[in-house]
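Listed below are the structures to be examined.
In the two complexes that follow, chain A is the common piece, with chain B as its partner first and chain C second.
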Partner chain A sequence: MTQEATLPDPLAEVAPPRGRSGGAAWGIWLARRLGLAVLTLWLVSIVVFLATAALGDPVRAILGRDYGTNVARREQLEAQLGIGDSIITRYFDWLGGLLTGDFGTSLANQQPVWGQISSSVVNSLVLVLLSALAMVPLAFGIAMISSHYRRKRPDTVIQTILLALAGVPEFVTGILLVSVFSTTVFKIFPAVTLVAPGGAPWDEPKSMVLPVLTLVIAVTPYVSRIVRATLLEVLDSDYVELARLKGIPEPVVMRKHALLNAIVPGIQVVSLQLAWLAGGVVLVETLFQYPGVGRQLVDSVRNHDVAMVQALSMIIAGVYIVVNLVADVLSILLTPRARTAISS
Partner chain B sequence: MNQNSPGHWNISRRQLLRYSGVSAAAIGGSSFLVACGGDDGGGGGGGGGGPQSSGGRLVHGATGGGAKDTLDPHQPVTAADIARCLNLYEPLLIWDNNYELQPALAESVEPSKDAITWTVKMRSGATFHNGAPVTAEDAWLSIRRVADPKAPLSAGGQLSQIIDFQSSKVVDDATLQIVLKTPYAILDSLLAEYTLGIIPGGEFDPSKPVGTAAFAYQSFEAGKTSTFTRFDDYWGESAFLDELVIQDFADDNAKVNALQAGQIQTLDNLPYNLVDTIKGAGAGVLTAEGGQWVPFTMRVDQAPFNDVKVRQAMRLIVDRQAMIDQTLSGYGSLGNDMYAPLDVAYAKDLPQREQDLDQAKSLLASAGVSDLQVELFTGDDIGSVAVPAANLFAEQAKAAGVDVKVTKKTPFYDDDYLSYTFAQDFWNTRNYIPQAVVGTFPPDQGGTYNETHWDNADHRDLVNAAAKEVDETKRASLLHDAQEIEYNEGGYIIWGFRQQVDAYGSTVQGLEPSKYLPLGNYGFRKVSL
Partner chain C sequence: MTSATDSDQADHQVRTTGGLVIEDLGVSLTGKDVDVVDDIDLVLKPGEVVGLVGESGSGKTTVGTSLLNYSRAGAHISSGKVLLEDRDVLQLPWKEVRKLRGEEIAYVPQDPASALNPSIRIGKQLVELQQLRGIGTSESRLAAARAGLEEVGLPSDDEFLRRYAHQLSGGQVQRVALAMAFLPKPKVLVLDEPTTGLDVTTQKMVLDTMAALCRTYGVSALYVTHDLAVVANIADRVAVMYAGQIAELGPRDTIFANPSHPYTRALLDSIPHLSQARALKGIPGRTPSPGRRPGGCRFNDRCSFAVDRCRDEVPALREIAPEHEVRCHRVGEIGTWDINIGTVPDADPDKPRDVILSVDGLNVFYGRKQVVHDVTFDLAKGEVVALVGESGSGKTTISRSVGGLHKDWTGTLTFEGRPLATSARKRTSDDRRRMQYIFQNPYLSLNPRLTIEQIIKRPMELFGLAKGKEATERVVELMGQVALGSQMLHYQASRLSGGERQRVAIARALAAEPDVMICDEITSALDVSVQGSIVELLEGLRLERGISMLFVTHNLALVRSIAARVEILQAGKVVEEGSVVRVMDTPQQDYTKTLLGNSPRID
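Right, the complex of A and B next:
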């Protein structure tokens, strides 16, 4: 970015050329990215399928000592899993199901998988999105304050706190928050999420506070530290110096010249953190009894419920891929050089 | 005996220990059961005391549960299932807090003199949640569902083998006659399992479960929450609570936090290490004697344990109190190498065995194995007590010059289970006869889990004779002799029995400890807020 330092306002200067060729170029670029995403998802599906198939005979695992004696149940499970077929046939049957929206039938309770996981998926997405909504402004705000007071006392204090928080695992944070806010010290927020039948966790907004707060505390330090580092780099650049020399007020310099240029690495690290959250909320969901995919995945693995594990793994992989795709698109849109490169 | 529902065996077997689950049978108190109505709504439990008031909504935090959760009265697996089961359905008879038989949907269950024909008199005035009266036909069809010889459910393993389905008949709406193929003097105890709830027509409808207990079904989501409302037409004293919610908890800490935050009012299976936390937070802890045990198992047909002196030496090596203090945080009672401590026939008079290293050494010396080395197999899937107990035993054995190598297997319950020379296992609360059959008989005679390969005809004859003996005194005397044989020669080291520890919030009244199942047999009917 520093190469563009001579440009007074990088964003205004190089808007992509409007017109057919530009639009078509964007279309092609997007199609390529989407194609790559689908390809990745397909490769993931092979890995997920092989990994779950390589875990050994699920029927033996489910039946345990009854494997030899309970022939009827064994045959029923084997038919359901298509054990007799070759692994390739089974894979394509499964993939065909996925493509038509059929995630199969749970081995644990013989109910359709999608009906059981759909609400968990929504619950987890809401949790992650709420955390992101709280985390992004907070992380950027802290980074701005910190870089403003660069290497002065407030910056040192903030950096020390962030480093300490980054070093604490999220379940420790969660336990501390629970003991402070719901059990030992104060009794302000619920300690666990109790969902009424047919309801959603956010029916009682208070119960969302601690899980969201735990996730925010878990990811904010990383994002904030990276944004601060980028900001410092930008603030040191010649064009920011020039802007200051031109007499532009410091807040404007910070907002327009520095922050906008520091936002792209920020988006990348936010997306990485979001993707991590999608799969990594297991501990937080368990601690707060939050009805999301993490808890369900643990339960399914315990039950040797192959269909559920496959479906949940694919969904988590899908979220990773979508979040990364969105982050890439945003990064390109916000990076003039890359934008120009595509449309020309 | 004790065949669980297909496909659920591994899970349930492990969970039985913690959840005080399916005990297949037991010797009842009296064979003559006098109708005595419901128990009194006692005022124990929640420190408050004073009169109990109606109304309110209680949320119970149940341990475990997940996608496999079921409301099926005849195949509950987890603690959450059992709690729901006991508050929705009732069997003909039921174990009370002292592990004694009480009438429930039957007013009486009486054997003929030869213990072949049993007459069940149904309670008059009992109705299902849908308003229909409970008849002998419902009871018989429910028993048939559980004891289907082709696919017996968890309480039906033994029943399916002994009931003569052709000769048994429903005499009238209030009378059922059960005819057995062979005399069995403790049939009443088989009918008292909570896994034998009576349902209309013996048919379970998952979308609309109907039972007779003090709470009626309202909603159910596997692995999450289920809700129940008070059943006002209950035949006994109705519940105090308006609504009962049973919430699954996958994590112990979440459960305890929820109790401290006042989100739930009761929880079962409180981890011992959290007892002080709960007490410090002003909540109540309910402790009850129990009959669950985690023995060391020595194969009596293999060296070195085929020599009874070596077995006795091993039994003398254990410091039983230390075992209880260290692996159960003190929440246990002493074992004396005999099981079924809650059975009326438990041989209390045999002297308590204590650690005696000198005698152990001399026994080992006279057996010619002074420098004994053995491998002890253990695993986490036996339960949280197993591995610490194994390590502690290895420590204690050092003092007697025995080198015990502890090998932790994952999973423990694999194809080698029942072949280990020296290992551990867990067992649930049961009375003597069913436990002896399943644990010490040869496999072809019902000993599905005979870890010690114990094969003693004298012992077996005594147990079989007792199972046919209607006279209680004679039965107790036969069982005493059987226990004495095991006390002197058996392959188990039974060092203690685990206590049940549950917790409740400060607003809860009416809970009483029970030897049978957690939280006073999940007796929410007697609880008020």
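Right, the complex of A and C next:
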């Protein structure tokens, strides 16, 4: 019998991937994701606008008890906010301003908003990025050590510590760090960030240490626990068993075979934590007097500075969306199955 | 227990010829004094393929990985020696064990789909070991990888090397794993059910490749499987394992011609033959897990020949003929075995048929892609029609369309003379009740949160057949029919074995009192012995209740024993159809002949 002759051609069994020529497919995919991101941002703008400017009477909210007495200020505010116009006109005026880079004028001191927030946006981004740079290797390292010793003593100790840290609110961590490193025990790092006018917080690198450390401690436990759980699952997989039976040394098994397949859930949780950091550093920034968006947002809300609140909310939303987009792109690039599905 | 002379002999053999010797190997659960396997003595001569056969839970994979000084989490190798050319693998320092793995003893994994790393290109995975060990240059490694791929009949161009595992078919992945194992030219190969889940053509291709490579390089191989039929085609010697011990060991021909352990015979009785229908029989009960094994002979509670002595006295592995060893007290007392025991007449091709379900001009689509082309067949009352084909032939798609689970199809489906709607949602409740679907994987088809009682009761409540106490009584009755004890009523599915789960799935289908059952590869996730008992059960139901069945499978031997008619499918088209006897004895089409030729057989 000529069975071999009738066997299917191995090449025909699965259509070969179209290789690296999937550039067009990638372009289309990216354009779709960007379009969705813009759509999300637009929806956010509606929510932000409705919540800050359209519900109730913003002028009454701003002036409070002065509403009846300070007529000149009231009229000036009404003119600036365009209270006479319909809400739709006001929205589109505001949106048009956003699109042309005009974030409006602060109600508190009549300065352009962008001029006031640009430096704090940069400060906050630097804070978040530094924390991320320290947090990602740390969290992955802890996860690898922990999963290597699964359910043995080192793992139990690490998991207990992480759980305890995850349970402590970040301002408590901050206060503890301050008391240890800058007041009672040691006096190594400054407790607050003092920035000279026109300067940046990193002009005095020492003052960055405690805010960064607080954020790292706040975020690392979550990331580390998720990565450990994924790693444990991957370490149980058939391909890791095969790698071990093939005689691959354990560190290489962990680094190449396991970590590579556990990295995607890690990226997702890192992105969620980074996005949270972008908007949620309020307490930490306030605690350390760090001149970032969080602190400015709190001040603006307190001052009923509608224009500032709107601008800051949009920037925080923008960071959320960009971080998630980047995480999605990275996840797909690092998952061959998803990657090849796009390019073929 | 091995005597001193036995092991001396074995040592001698190794020194002169190489190969591998396993002496008194034992693996225990960590922290408990419970043996997973014990008292394993086995010799792999150079260039010899030894089949290690047993049901799930018999410890065969544990023995396989022990040869590489590896045990899964929760177990450890507690005793014995694995001698590779005078060196005891189990006593070597850790670094040397690692060096020995892959280079001298290689392992081919079970599940082709999950055994290769999904994130590393196969070209890189192939040369990874050599690269880590610094063997050769990057060019020589690449050349070796290409040569290795060609040896297993795969393309070796850059495009193929750049692929990921998911861009290969199941057979290709398994052959890549074979190439990877052979690349360092090992002396011993451990293959852990490497063809489970592959269709017959691919299985044949992988087995042929493996056999050729073993011959070429003089590699000794341990082939672990639950299917004696596969072993019959490739092994030189066969070791049958039961409950952590070797029950019978001998040359292949001896094992198949003169099986002497009741367990070996029972396994053989559960295998369907290509040449003749058989009344398949399962083995009652299930393989006891470590720690729950009975005293005396471990098989005594499932053995039809057991006497008091079997319950009290532990039997030793005794040589009853040269190279033929059996662990049974009653060897020689239980008569001989004949391969034709259990043979029954084939289904009568001329029997008058009373058609209940007919499919006419069925075309099925997934989106714009047509996967089934103009398929026409019918099903009579009390008849089993088999849909046979390789993976991708459209057999499951057809059954899903008939069952109304896939609705993107055209053609006519007539049930008792009435046309049926495309999707199950649009069919009447009675039509839905009368046609029941049983899925391939019983580990996924039962809700893990519900008890067995709730699972089986559900169709009765849904179709208003019975309620409350009456329903519970019917559940007990149905469980009796599928040979499940009523103590399982309140179990959740996770406590059941694969075969027991599939029985629950069958009982659930029966609860609706169907006229037609669609069985989608319902035995392919199960051990052969369990398959035997499921087939026995279905045959009984067909005779008693006159239920018609559409039986989807890739196993032609099984078709011979269960079906009256068969439809051979290729690429979504029926290439040959007719009565089972006609199609299998005088196949007309080349494709059918190829399928038959590739099917493993013991007859």
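Simple rule for what comes next: the second predicted complex is superposed on the first by the 321 of 344 C-alpha atoms of A that agree within 3 Å, B and C clash if a C-alpha of one lies under 4 Å from a C-alpha of the other, contacts with A are read in each partner's own complex, and residues count from 1 in each chain.
Here, a residue touches a chain if its C-beta (ideal position, glycine included) is under 8 Å from a C-beta of that chain, and two chains touch if they have at least 3 such contacts.
Please read all numbers here as calculations on a predicted model, not as lab measurements.
**Student:** Tell me which partner A:L287 touches in the superposition: chain B (first), chain C (second), both or neither.
**Tutor:** A:L287: touches chain B, not chain C.
**Student:** In the superposed arrangement, which partner chain does A:Y239 touch: chain B (first), chain C (second), both, or neither?
**Tutor:** Touch status of A:Y239: second partner only.
**Student:** Going by the contact rule set out at the top, does A:P249 touch chain B (first), chain C (second), both, or neither?
**Tutor:** The second partner, chain C, only.
**Student:** Just chain B (first), just chain C (second), both, or neither: which does A:R90 touch?
**Tutor:** Neither partner.
**Student:** Let me test your reading of the model: by the given contact rule, A:T183 touches which partner, first (chain B), second (chain C), both or neither?
**Tutor:** Touch status of A:T183: first partner only.
**Student:** Would you check which partner chain A:P336 touches, where first means chain B only, second means chain C only, and both and neither mean what they say?
**Tutor:** So A:P336 only meets chain C here.
**Student:** Both chain B and chain C touch chain A; at which residues?
**Tutor:** Shared contact residues on chain A: none.
**Student:** Quick check on the complex: what are the chain A residues that touch chain C?
**Tutor:** Against chain C, the touching part of chain A is residues 1, 3, 6-8, 10-11, 13-14, 16-17, 19, 236-239, 241-249, 252, 256-257, 260-261, 334-337, 340.
**Student:** Given the complex with chain B, which residues does chain A contribute to the contact?
**Tutor:** 62-66, 70, 72-73, 77, 106, 108-109, 116, 175, 178, 182-184, 187, 190-192, 194-198, 286-289, 291, 295-296, 298-300, 302-303, 305, 308
**Student:** Residues of chain C touching chain A in their complex?
**Tutor:** 65, 68, 70, 72-73, 98-103, 106-107, 109-111, 114-120, 128-129, 132, 153-155, 159-160, 162-164, 166-169, 171-172, 175, 177, 180, 201, 204-205, 590-591, 593-594, 597-598
**Student:** Chain A touches which residues of chain B in the complex?
**Tutor:** Touching chain A from chain B are residues 6-7, 9-11, 59, 66-70, 151, 218-227, 247, 249-251, 253-254, 257-258, 260-264, 281, 413, 417.
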